[in-house]
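Each of the two complexes below includes subunit A, the first together with subunit B, the second together with subunit C.
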Partner chain A sequence: MSGEFKPSRLGPQSGEVIDRSATIRFTWDSKVMTGFAGDTIASALMANGVRIVSRSMKYHRPRGYMTADYWDPNGFVQVGDDPNVRSGHRLLEPGMTIDPQNVWPSLDHDVKAANGFVGRFLTAGFYYKTFIRPQRLWPAFEKVLSTFAPGGTVDLDTPHRLHDKRYAHPDVVVAGGGPAGMAAAIAAAEAGARVMLVEHEHHLGGHLLWGSDEDRALAAKMRDAADVAGVEILTDSTVTGRYEDNWVSIVQRNHPLAVERLIKARATSLVVAPGLIERPYVFAGNDKPGVMLSGAVRRMINMYAVKPGSRAVVLTANADGDAAVADLRDVGVEVARVVDARAGENVASANGPGRTVESVTLGDGTSIDCDLLVTAVGWTAPTSLLNMAADRPVYDATAARFFPGGPIDTVLSTGGLTGDGTVEQLVEHGRATGRLAAERSAVAKHRIQAHTARAAPVSGDEPAWPHDLRAALGRDPHPELFRSTTHGIVDFSEDVSSKDLVGAAAEGFDSVELLKRFTTATMGPSQGKLETVNTVAVLAEARGETIEEVGTTVWRPPYAPITLGALAGRIFEPVRVSSIQPWHEANGAVDILAGAWKRPEHYGDPAAEVMNTRTNVGIIDVTPLGKLDLQGPDVPKLLSQLYTNKWMQLPVGSVRYGIMCAEDGVVLDDGVTARLGDEHYLMTTTSSGAATIWEWAENWLQTEHPEWQVHVTPVTTGLCSINIAGPNSRTLLGRLCPDIDLDPDAFPYMHVRTGTVAGVDDCIAWRIGFTGELSYEIHVPSGYGLHVWNALLDAGADLGIKPFGLEAQRIMRLEKGHFIVGQDTDGLTKAPSTGLAPLIKLDKDDFAGKAELGWALDEFASAESKAPRLVAIQPTDPTVVPHEASQIVRAGTNEILGRITSSRMSPTLGRSICLGQVAIDAAAPGTMLTIVLADGTRTTAEVMARHAHFDPEGERLRG
Partner chain B sequence: MLLVPCPHCGPRNASDLSYKGESHARPDPNSATAEEWRSYLYMEDNPAGWLRETWYCRSGCRRFFVLERDTATNEFRNPPVPGAKLGGKA
Partner chain C sequence: MVDPNSVNPVFESPITSTNSGSAGTSIGTSADQAALTLADESSLTKTLIRAEPRTKAERQLDVVFGASRLVDGVVISGQRPSEWLVIGEANDVSTFVDRIDREGHVSLVDHTHSRAMMRLTGLDASRVLEKVCSLDWSSEMTPNGAVVSASVAKVGCDIVRNDTFRHGSALASSAPTEVIPPSYWIACDRSFAQYLFDAILDAGQEFGLLPA
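Up next is the complex of A and B:
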């Protein structure tokens, strides 16, 4: 043929979806072009004469549009900073910068196409086999291979864009907005159901859109009817997955504010109506630009008014192929030859010698010049959503496609997926399906309401379960056409040919699941929508079996690839802060995220905060401390059950420390509980254990001892907690607590009082001492937290008051040798290992962990005990602070004896201090340990006699 | 995501609850042998079929309850009478 054909825009077409009054300028490969509103990138490029849009993944073969829709394997482009955009789907926007990807130096002259000449070396498994040895060279291989890898360019400076999430509870979700899907949605809504209709493409109507004028009129009428019926219509949105109990994920791409929105819908019924996906044919040259599927040609002509060729050959096996012939002739494309597969005719190859189709060789050897080869050889049934509901598709050789297997109660299918018919028949099947879905949804809702104690009472008996009385759609006979007499591409996105598949099968990868993984056929961005059936067919041929015997792979979620942005969504991570946080932020606090809480780690110099607290007075906001208000006559029984020590005789006004263990004897939590009144207690837990211990208390009350009368109320955020520590703390608090007698005889260590603090009534104050200093912890209604904090700072100005943060608190705790649950203990640390064996009271009737702790105490006492011991450790070199988790080994060996669990430089002692877990033969006081530091060097350290590095007698604390 | 029929709150996403495992009676800690106790702690029947299991409606009514579930089909049956004594472990 003379001169290369270029596609062009046709005159107005009756079904076009473009707006010719709205011209859009954009660039393609740095060339300025124009299109119209309503164009996809693909239709705009074709209207501008572009035939080659990409290079293939492995061989860099020139590629043009084949399906020209979402699934087109050749249409991936870079749009601005957005890589891997599906140009067959994405709508054209003003000013778009569109570029080809995976090309170098250019689309027309791609030197990587040299791969094509060595194609015979790049067969399936080539990468696995060739680059696997020697392994030391892999980094070099990877560097070279990555420059050949497909995909666009990620711009690391891309601004953050909003991705949103939504939760929905529709009665019926209909996946697919073709005639059957629309009919189902309308019928379900008319039957009273709340319906979401989700369509992958930009317009409702499915194949009606590229059909006759009557088809399009029907689509428009049904669209209006769906609106009137109150159906929520989501276009440009994909049902990406169906999970347990119809938990349906939908990615909405056309949200007005968000780039994408992930909708998690709990549908009572799901109607699956995705239609059919046209299947490519396998023959030599089937990936040459100019080879298109019949649906693509019809969409281009009827919806986008693009002339796809000037002289065409059409291979047709069905009515859609015949319709393509008519459409081509209507717009003045010469149809050089209709190759009718139903009459046994065939196409053997599409030929160059240029980059695009220049001639076609038929099965009988005839060669015909043309610039467009259209194929219509049958369908892939996208049963994905049914597969996700455990349906297994069944192959029907007469109809040459797969069909859904068995019926599922609340997952119904309709439309082309289930059979063939006229538009009227498809609509009628859709309506019946929609009604059934709505009726079943109503029964399911009735059941839920009847079985929910707190729901409104239901009226009437449960309706009978609606049986499936739908008349099935017929199945039109269709010739089985998968591969011609020649070999061609099966997976266009992965560049896998039928020859590769045959070779892989001969190598032993002859089960469809193995073949898929070895060759990567069906594993590209089209996810098998175009490739699966051909892969199965080629394998069946290679094995000399039928498709039925070979079986197919099962489609898992997602139906279409999902961006990471859509999955991440909006950040829903609530952070808790105390009511004092504004002061912290205004006063130089450096925050740390501790569990769900944001709290000050320090205010600039934690060591100075320690020294000020030990010398004068410091205050720390400890609001995150878990707090449970316990009321009722049986609270002592609950406490005895939860803690390992005794609680039946705790006097009013006293505070006691305890540890809690799980039923396996492992330390679960620790803290103090105060008795505020006869039947009123306040329990504190660790900050991270607050939720766990609330649940733990409820567990005992609800399962083992429902007869105990106890109310558990979490008050962690209801009370703002401030610890006042240091020699001046009594003087300070005395200035603010007129009605609490702070005299050490009236208010001794480990006691609690209630009263007024800084004018705030109903505050709780207790004397405890994890910092090792004289200290009071006050709990005030959280609305007054900031007020009390400010009052303390004002009243303590002359006493040297300074706030301190979590880091100073940790240093002071470690100086006192107090272990932290989860830091110095782990998931295997039973209570005796912490050194608190005296707190385990086996003479109690029962408590959580009693059985295991009894055995653990016996084991701990034996000379061969394997249980680790928590000990205080001081490095010989006081300037060395071993990292937490540093290993402790036997001197001169690599035998591990334990590890450092906490370590800090102590400003009080001017030396490094640690806690660590060690084996029994390294636990004796005075033992010299060997610690492996982070840089691999070893240092020595001594095991101390007591956990407390500072003031072991606790004189400061009790004063 | 599995829909769990809380007897008080109605069907809820499984992520609103916490799963406490199979429901077995807690042995007497004073008389149980180590083998009995550890069997209670760690051993599960794990049948393919009907199973009694304990759930905690963490984000809803905060009640513990026992449900029967067919592990092969995820069908639930016999929601408990609220307030009944339940054998469960955390």
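Up next is the complex of A and C:
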């Protein structure tokens, strides 16, 4: 044909979905164009005469719209900063900037099209074979090949858009809003079920939308009926997966607030009604712009009023192809030839020296000029959701397509997926399916409700399981048409040809699953919807087998590709704060996240906070400290089971320190427990160990000693905890505690008292400390925590009170030589290594880790012991602070002896101090160690006699 | 020198709601006036009672796991097997708890300060919950009075569906039940309260959820 045809907008069509009163301006490839509200990008581009919209992935061949819907493999465009937009589906919006992807310098003149000239060398597996050696060049290969990667560009500065998530529990989910799907949804809702109807496209109706006026009237009537029946209708949404127990994932793309919403629906019954997907035909030139499927042509004409060509050849094997002929003629397209495949006619190639179709060569060699070749050669049954329910589709050669394999109780299928029929027959089958789904859902719900403690009571016995009495749809005969006498593209997304597949089969890839992975056929964005059956058919032909013998690949979730944003959904990141947090934030605290807790790390100068606490008095918010309320007569037994030391004789009013080990003797946690009353105790754990120890305690109570009468209740945040440390702490607390005698004799170290603090009743005060100073830890009801904190600050103003943060606390505990579980210990550190062997009481009854600790103690005492020791270390150069995790090596060698576990510059001592784990032969006091610093240099350090670098006798804390 | 007797402790709610200022210091009634509201009810007194099976306390409580009931101005919530949360005004809870027989293995822990509590009320309340929690909120599965423990916006919560009584008394008992909107008490660890309150408000934006 002479002169390239340009598609154009038709006059008003009775079924059009565009709003001609709402003109939309947009740009395509920097050219300003207009469309209408309701247009897809594809229809708007075609209406503006655009025929070439993209370049193919590998050979950069010009491509135009083939299916002009969601699945069109040629329609990926860049919209603003949004890459890989499916233009056959995305609706046109005002001001859209639309550009072709991965072309240079332009869509019309793409230099990468040179790949086409070497195409015969780029066979299946080319990359695997060519770039496997030499391995040292892999990074270079990667760099070069990545420039050929398809797709749009991602702007990393693009602001995050809102993605949402919701859960749903419909009785019936219907996947597919064609006539059968709508009928199923209406019938199920009328039967009393809560129904969610999910349609992939923008409008309900399926193929009725591009059918006759009567078809469209029926679609509208059914839409109204679905509304009246109370069906929740989700258009522009896709059921992307079906998982165990009908857990169904749905991506909703047209939510008013979120760009996408992931719906996790637990459906009692699932009705699969996706209709059929028209299959392309394989022949030479089948990817030239101007080759379109009959459904695409009919959608363009009837829904979007776009004239797709001026002179057409139509290859038809079914009624849809015949209808396309009629539609084309109705809008003035000259149909140069109807090639009837049912009569044995065929198309051999689409030709043209230019980039678009200019003629067609028929099977008998006849050449016909045309600018549009329409094919209608059959369908693919998208059985994906059924596959995900363990169904394996079965091929029917008579109907030339796959069908569902067998019935599944709560996953039913209807519509074209299951058979052929008139619209009335499809609707009736859909209604029967909807009723059955509702009935089965009711039975399943009855069962679930009867077995759920909180649910409303059910009446009567469980109904009998409804049998499937639906009349099956028929199967119309259809010629098997997959590949012509020539080779063409099978997978348009991946540029895989039938020739590639035949070559791969000859190389021995005789399994369709292996063939798929070797050639990448079916692995592109179309995900097999257009190319799976043709791939199977070409392989079957190449191997001389039937399609049944070859079988299909397995369709796994997702049914359609999902964005990472949709999967992430609404992001929940819980943060915990103490009741004093508002004060911290108002007073310059620099926060850190410790687990989920937001905590003040310091208030500007941690060293000053240390010195003030050592000199005057400091307070720190230690609310995250784990706290467990223990009540019952058998609490001592539980404590003895959990801790390694003895607990049967702890007096009321006393506090004891202990460590807990797992069954393997590894240190699990440590802390103190106070006896508040005869059968009432309060246990503290590390902040990070709170949940673990609660679970650990419950595990012992519920599985090993259910006879013990103990109630364990977490009260971590019910009690706001404040540590008051420093020489003035007793004076300060005395000002606020009228009913607690703080005299050292009345309230000695490692004891507990209850009373009033700053007017707050029911407070608990422990005389313990982690800083090495005289200190009290008070626990007050959290609702009054901020009040007590402020009262302490007020009362201590003349005593030099200052708050201190976690960093100051870490420094002071290191000065004092206290270890932190998880920092100074690890997943292999057994209790003897921490220096607390005296706390392991093997002479008591069973306790967690007893057997292993017995062996560990023996091993620890052995001269050949390999167990590390936790020791205090001081660098020779007091200004050097080795990083935590620095390696300790044997002098003059690289033999690793251990590592630094904690290190800080001590403001109290004016030098660097450390804790570290070292091998036994390097753990003796006075041993000189070599530490490898972060910059690779080495420094020396001495092992100290005791863990405490400061006040080793504990005179200050016992003061 | 501070006089310890001069201080006057004020309960601070863990939730600061834009509409309620220092929320929690009193229980407002605006929740009843808007279509969909989230109210801070953290200041309600909550006492956890644990009692072994076949104790007198268990019989007194008379609520099975997963259910709740209103008695003497308090709500008894069957949170877990052999574990109940008694919720109400301080005096009512105190009076009720004092009557609980302690024979056998029975323990009480004041959870007023441990558990924050918010009330989500409105015809779309269950749709809000669907966005933050995976449970089925239909009236068949979670009827009025039902009690569940679940993750809400990734925070472990105890939830009581409580449509028909508020603050210790039945709500307008003459009103037809079909016009009473669903209402849920959501209790969580106090430290998560502000995060959870904000997360639910954010999730409920599309339905017009407002802090009460």
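Rule of thumb we're sticking to: the second predicted complex is superposed on the first by the 930 of 959 C-alpha atoms of A that agree within 3 Å, B and C clash if a C-alpha of one lies under 4 Å from a C-alpha of the other, contacts with A are read in each partner's own complex, and residues count from 1 in each chain.
Everything below uses one rule, namely that a residue touches a chain if its C-beta (ideal position, glycine included) is under 8 Å from a C-beta of that chain, and two chains touch if they have at least 3 such contacts.
Quick caveat: nothing in here was measured; it's all calculated off a predicted structure.
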{"item": "First (subunit B), second (subunit C), both or neither touched by A:244", "value": "first"}
{"item": "Which of subunit B and subunit C A:549 touches, first, second, both or neither", "value": "neither"}
{"item": "Broader residue contact with subunit A after superposition on the shared chain, subunit B or subunit C", "value": "C"}
{"item": "Which superposed partner A:266 touches (first subunit B, second subunit C, both, neither)", "value": "both"}
{"item": "Partner chain in contact with A:738 - subunit B first, subunit C second, else both or neither", "value": "second"}
{"item": "Contacts of A:451 with subunit B and subunit C, given as first, second, both or neither", "value": "first"}
{"item": "Which superposed partner A:513 touches (first subunit B, second subunit C, both, neither)", "value": "neither"}
{"item": "First (subunit B), second (subunit C), both or neither touched by A:664", "value": "first"}
{"item": "Touching partner for A:855 - first (subunit B), second (subunit C), both, neither", "value": "first"}
{"item": "Doubly contacted subunit A residues - partners subunit C and subunit B", "value": "266, 448-449, 452-455"}
{"item": "Footprint of subunit A on subunit B - complex, ascending", "value": "1-3, 5-11, 13, 18, 20, 26-27, 29-30, 32, 34, 37, 41, 54, 56, 58, 61-64, 74, 79, 82-83, 85-90"}
{"item": "Parts of subunit A lying in touch with subunit C, wherever the complex brings them together", "value": "164-169, 194, 256-257, 264, 266, 445, 448-449, 452-456, 570, 572-579, 582, 597, 623-624, 629, 631-633, 709, 711, 713-720, 735-738, 756, 758-760, 762, 781-788, 791, 794-795"}
{"item": "Complex interface listing, subunit A residues touching subunit B", "value": "243-245, 247, 266, 448-449, 451-455, 662-664, 695-696, 698-699, 702-704, 706, 845-846, 850-852, 855"}
{"item": "Touching residues on subunit C, where the partner in the complex is subunit A", "value": "1-2, 4-5, 7-14, 16, 42-43, 48, 50, 52, 64-67, 105, 107, 109-115, 130-143, 146-148, 153-155, 189-192, 194-196, 199, 203, 205-206"}
